[in-house]
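Listed next: structures, encoded as structure tokens.
Shared chain: subunit A. Partners: subunit B in the first complex, subunit C in the second.
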Partner chain A sequence: MASGCHGDSRAGGSGGGEVLEEAVGDVRVLCPAGRIDHTSVEAFQNALLPRLEDCREDGVAIVLDLSAVEYMSSVGLRVLMLAAKQCKGQSGRIAVAALGEQMREIFQISRFDMVFPVYEDRAAAIAALTRQE
Partner chain B sequence: MNAPTARAVKSGNWLTPRWPALMLLMPLLLLPWILPTAWPGLANGIFDLYQRLHPRPLERLPVVIIDIDEASLKAIGQWPWPRTELAALVEKAAAAGALAIGLDILMPEADRYSPAQLVARYPGLDVDMRSQLAALPNNDDLFAIRMFTLPVVVGRAGLNDPMAQPPDKPSTVQINGPPPHNHLLSFSGHLANVESIDIAAQGHGFLNNQPGPDGAIRTVPAVVRVGAEIYPSLSVEVLRVALGQQNMRLDSDADGVVGMHIGQSFLPLDANGKVRLHFSPSDPRRWVSALDVLEDKISDKDFADQVVLIGATGLGLHDTPPTPVSAAMDGIEIQAQMIENLLGEHRLVRPPWARWAEAGLLLLLGGFLVLAGRDATPWRLAAIYVVPAALTLGLFIALFVRDRLLLDPSPVLLGNGLLTAFLISTGYSHANRLKRALDRALAREKLETARMGGELNAAREIQLGILPDPKDIAGCPDNLDFHAVLEPAREVGGDLYDAFMVDDRQLFFLIGDVSGKGVGASLFMALSKALCKSAALRGDGGLAEMISVASGEIARENPAMLFVTAVAGLLDTTTGRLQYCNAGHDAPLLLGPDQPARSLESAGGPPLCVLEDFPYPIEEAQLNSGDLLVLFTDGVTEARGGDQVLFGADRISTYLQGLERNAAAEVVCTGLLQAVNHFTGDAPAFDDVAIMALRWRPAP
Partner chain C sequence: MRLRFWGTRGSLPVALGGDGVRDKVRAALRRAEGRSFPSEAALDAFIEGELDFATSHGYGGNSSCVEIIGGDNTVICDMGSGLRELGQQVMQDYGPGQPRRYDVFLSHVHWDHIMGLPFFAPAYIPGNEIHIHGCHTVMEDAFRRQQSDPCFPVHWEDMGAEFAFHQMQPGQKYRIAGFDIAAIKQNHPGDSYGYRLERNGKSAVYSTDGEHKQDSESETRQFVDFLAGADLLVFDAMYSLADMVSVKQDWGHSSNIVGVDLCHRAGVAHYCLFHHEPIYDDYDLQRIHQETRRYAEIMNQGQPLQVSMAYDGLEIEL
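Now for the complex of A and B:
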């Protein structure tokens, strides 16, 4: 399995807001990239939230692979909060995976690691979220 | 107006529709060819106007009309007269010196006053009377005999009747050049006079005229085609007889007729063998009553060097078509005017280059309109049209008066009129479009300015207005040195701080950051601060309950789904015991007088409003004398240097290590703010910067 949606060469891309998508079984892996701050947050929100609509108890589970996200300001965290609230409201499951060093620090400071289950890498996240038959 | 708007308006002017107008001008140049066909009345109307403005002056009277008028009919008897009366009229005219006498009268039937006709008419006459009368010569023969030696030209009428035949005698017109037959007014046959009269006459001329579509006579044929031959009209034939010539020579070329040679004289004609008459008004000097001639009221030389036309106008015997100069003119006077025109030096000329000249002028003035009319107001455009148009009309009238040139201004006036209308209408719509665009741009700018200015100011006022004065915390004991600064970013963020004594010992302090910018964030920040303060002042269960209450209340007032990171603390200023709680915020730094800075780590929780009913854990710490507690927002840690490097927590620690021992809280705050601003340099701050410092010492 590939280590990241955007590949290593593009991991440092400066743009933010685009979100790649990949389905693994009934787990949908979403991969935002770049810097997510006030200039790119609207695109990020518009790309992310509609993809959560079928995150339900009997629907898909969501893994946010943040390996390609360089930085996220508080407005980006707000979108993550909205995502968490939406999935929680729909009884769906959502987790984050593969935090880089900067994102790990941001999650620690903001305690967003208390908002989302955080997995070391996407494989672990997918494994954890795949429904047990 | 900002630069892009100014550019838009300027480029709009440059795009004033000139190319479409020039494109329109091209087909308009065909108007001199199209217009006379599509609307023949227009040019005729204008040429008629020329003639009314400048009718032909009647300087000489080469033609006399002997008019069989009402008075003549009353005296001599009803029409038709016995031809012996006509013979007398012709003889007297010749005696008065007439060079030629043209009869604008047709005599196709035998005179019913002839003696033989009377015998037939009155069968009751006795035999002697009948034979005597029958032996008398008939009137037609008498007329023929009496006119035989006189220069009389009789009329004929061209007919397109299957029974009518062409004349059987040869024409007096000889053709010199390609046959112009197809250009001429044509008939299949003709109506002739009684044979004896026809034979006796020295000339025979056709009387046919061809009115225009509106019934008006503008041209008169000089020659007509009857069958295969070309014959003269009465006017030309009268001139031939007057000049004593046996024949005439009609010059022609590929385009038709050129002109007529009569002896030494050359009369230019139009290609269709006609003459476009330059009319003079009807003039009584041309007219003589037949009765006056018959009663010898004229003298011998009265008609010297003149030609005479004899016709009848009495009792509605005649036609009176309209002409350019009058609503009705007797047909015989039109014949007279034809002869006057033929003999005159000047002729109305529609030169072959006329249409090219009109097209050229149309192009010239049209081009002038399009170029000079650029950016012109409609009134100025109209003036740019009217003035050259008036000059054109004036020029054409002047050329008519001077040279009898028929130049038609209607293509120029109409073409450029259309062009002007086009320019005005497109100019209007263009100007309107520009104006609307400009109005929209200005409105947008105004709105944007108002919105930005108003909103930013409102947000800033809300933010700064609710912050407490750090130097004037009510009830703050002297052993606590407190200070805080907040520098809003250009686009206001949502940083806040607060500090107040909840009782005479405990200071509540709070530093926070709302996720988001603008008025919404500012209002939410104000709300959060108020709710926190309210919870802190109400609560008596310690910090944990304050945070729990505030968090719940803030979450309920949060339609925009914002969140607040915050560190809140409760310091017992007497004992130095500190309770604190971290909701997703940067950890405060604590450093003693001789100790390095360390983070006040805590389990804490996510920002307020992210998770409902989150049980925020409370941490405790014991301050020692001289300990400095520094709190800050991410505007400090995430301030960006020139190469996008973040200021970071390490630089804060480094700064704090470099401080003087026991530096005042205000110095700590302002110094750190300066360090941040120095680090970011000229780059605008993205986020608010808030810094709070507390140095505690035990009360003395």
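Now for the complex of A and C:
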């Protein structure tokens, strides 16, 4: 599955559970891929949540680039909510970017577009979340 | 087997207010674009053919009550405010002098699921039998307390019908009123129970007031197995997923898209959204119906799923 993430890439699981990673300044871009449903959600969760531990006010900000996610069922969205809660609890910032047409619809139907700041593309999200010195 | 929905609203009955009526009149007039209708038939054709469901009909406001037709007696799931109209219909169909047996399956005893009984006319007529089945041990106590001072002026002892309470156990199979029935425990404050009813090769699952968190695969799998291959699932789809897993977490209700995912996993043919959020108006519910259909399309993996939005008066034939 194509992904916008390069560099320090680490597979968190097989199939839809895979999450690639790229650092852009003080922003960490995380790129899940494929179909995230009940068959892949455990790998997705295990790959995603540990990478949020340093999402803090003085740490990194997180951009979830969802361009390579074909679809995400309610179990995958639940993991995104866990991610949002974890980052908020640590006073960190998290946003999503580059939703494909289906993912955009899923975000709207589930009302997750009201949970996360949603950016058109990763560049816009990185610009918005980069700490201003 | 046929299901007739008498009450589909969650938590609290609602009524269409003046502002809601005005919105519908406005929408209908706008759609008519100044046309005149020379006959009642032409007007009906306009209403049925050109107005959307939210404008021409709406979803109703009674709380949970579903009749399951096709068994030996009058079979009912939950006794919400919709029960009042069910009672009126039965009296009209059979006459007040004809003793009948009613078998009720109770998801739980929260008020919106029992509040219809004091207004259920057959309950006041000697000769009628009302058998209430469920897994809670407090069923009779809840009904007695509902009909005692200072909550209601007609006391339990003054009801004319004969009542019997039947304790069920989740996981066991029963044969009641011509249906094969099993119950499953659900996550809800004070617990609730879903019921699977089967007859003549058809199956329907009535599952309301259950919060399917999907944070435990073994628990989710247990429910998926309970649903497996059902012809119809009536499901608590009260909230958006975002609300369900955040501000309304642990309130004991599920979301529209969780129901879709469970149906796809279990091979359910027809998904009926139920227990609607009382703050939603008819246009909100219509939009949620359309969105849920679209989500089912997106998630469809070669497994088409019929998606219905329950409304007071809906009938589904299996």
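Structure notes:
In the analysis below, the second predicted complex is superposed on the first by the 121 of 133 C-alpha atoms of A that agree within 3 Å, B and C clash if a C-alpha of one lies under 4 Å from a C-alpha of the other, contacts with A are read in each partner's own complex, and residues count from 1 in each chain.
The rule is simple: a residue touches a chain if its C-beta (ideal position, glycine included) is under 8 Å from a C-beta of that chain, and two chains touch if they have at least 3 such contacts.
This structure is a prediction, so every number in the text was calculated from the model and none was measured.
Once the two complexes are overlaid on the shared chain, A:Met114 sits against subunit B and subunit C alike.
When the two structures are aligned on the shared chain, A:Arg131 is found in touch with neither subunit B nor subunit C.
With the contact threshold set out at the top, residues 37-38, 73-75, 77-78, 81, 85, 109-112, 114-115 of subunit A are in contact with subunit B in one structure and with subunit C in the other. Residues 37-38, 73-75, 77-78, 81-82, 84-85, 109-112, 114-115 of subunit A are the ones touching subunit B in the complex.
Residue ranges on subunit B touching subunit A, taken from their complex, read 513, 515-517, 561-563, 565, 582-587, 604-607, 609-611, 614, 634, 638, 686-687.
Touching subunit A in their complex are the following residues of subunit C: 213-215, 217, 220, 240-243, 245-246, 255-258, 260-261, 265, 291-292, 294-295, 298-299.
Across the interface of their complex, subunit C is touched by residues 37-38, 42, 71, 73-75, 77-78, 81, 85, 102, 105-106, 108-112, 114-115 of subunit A.
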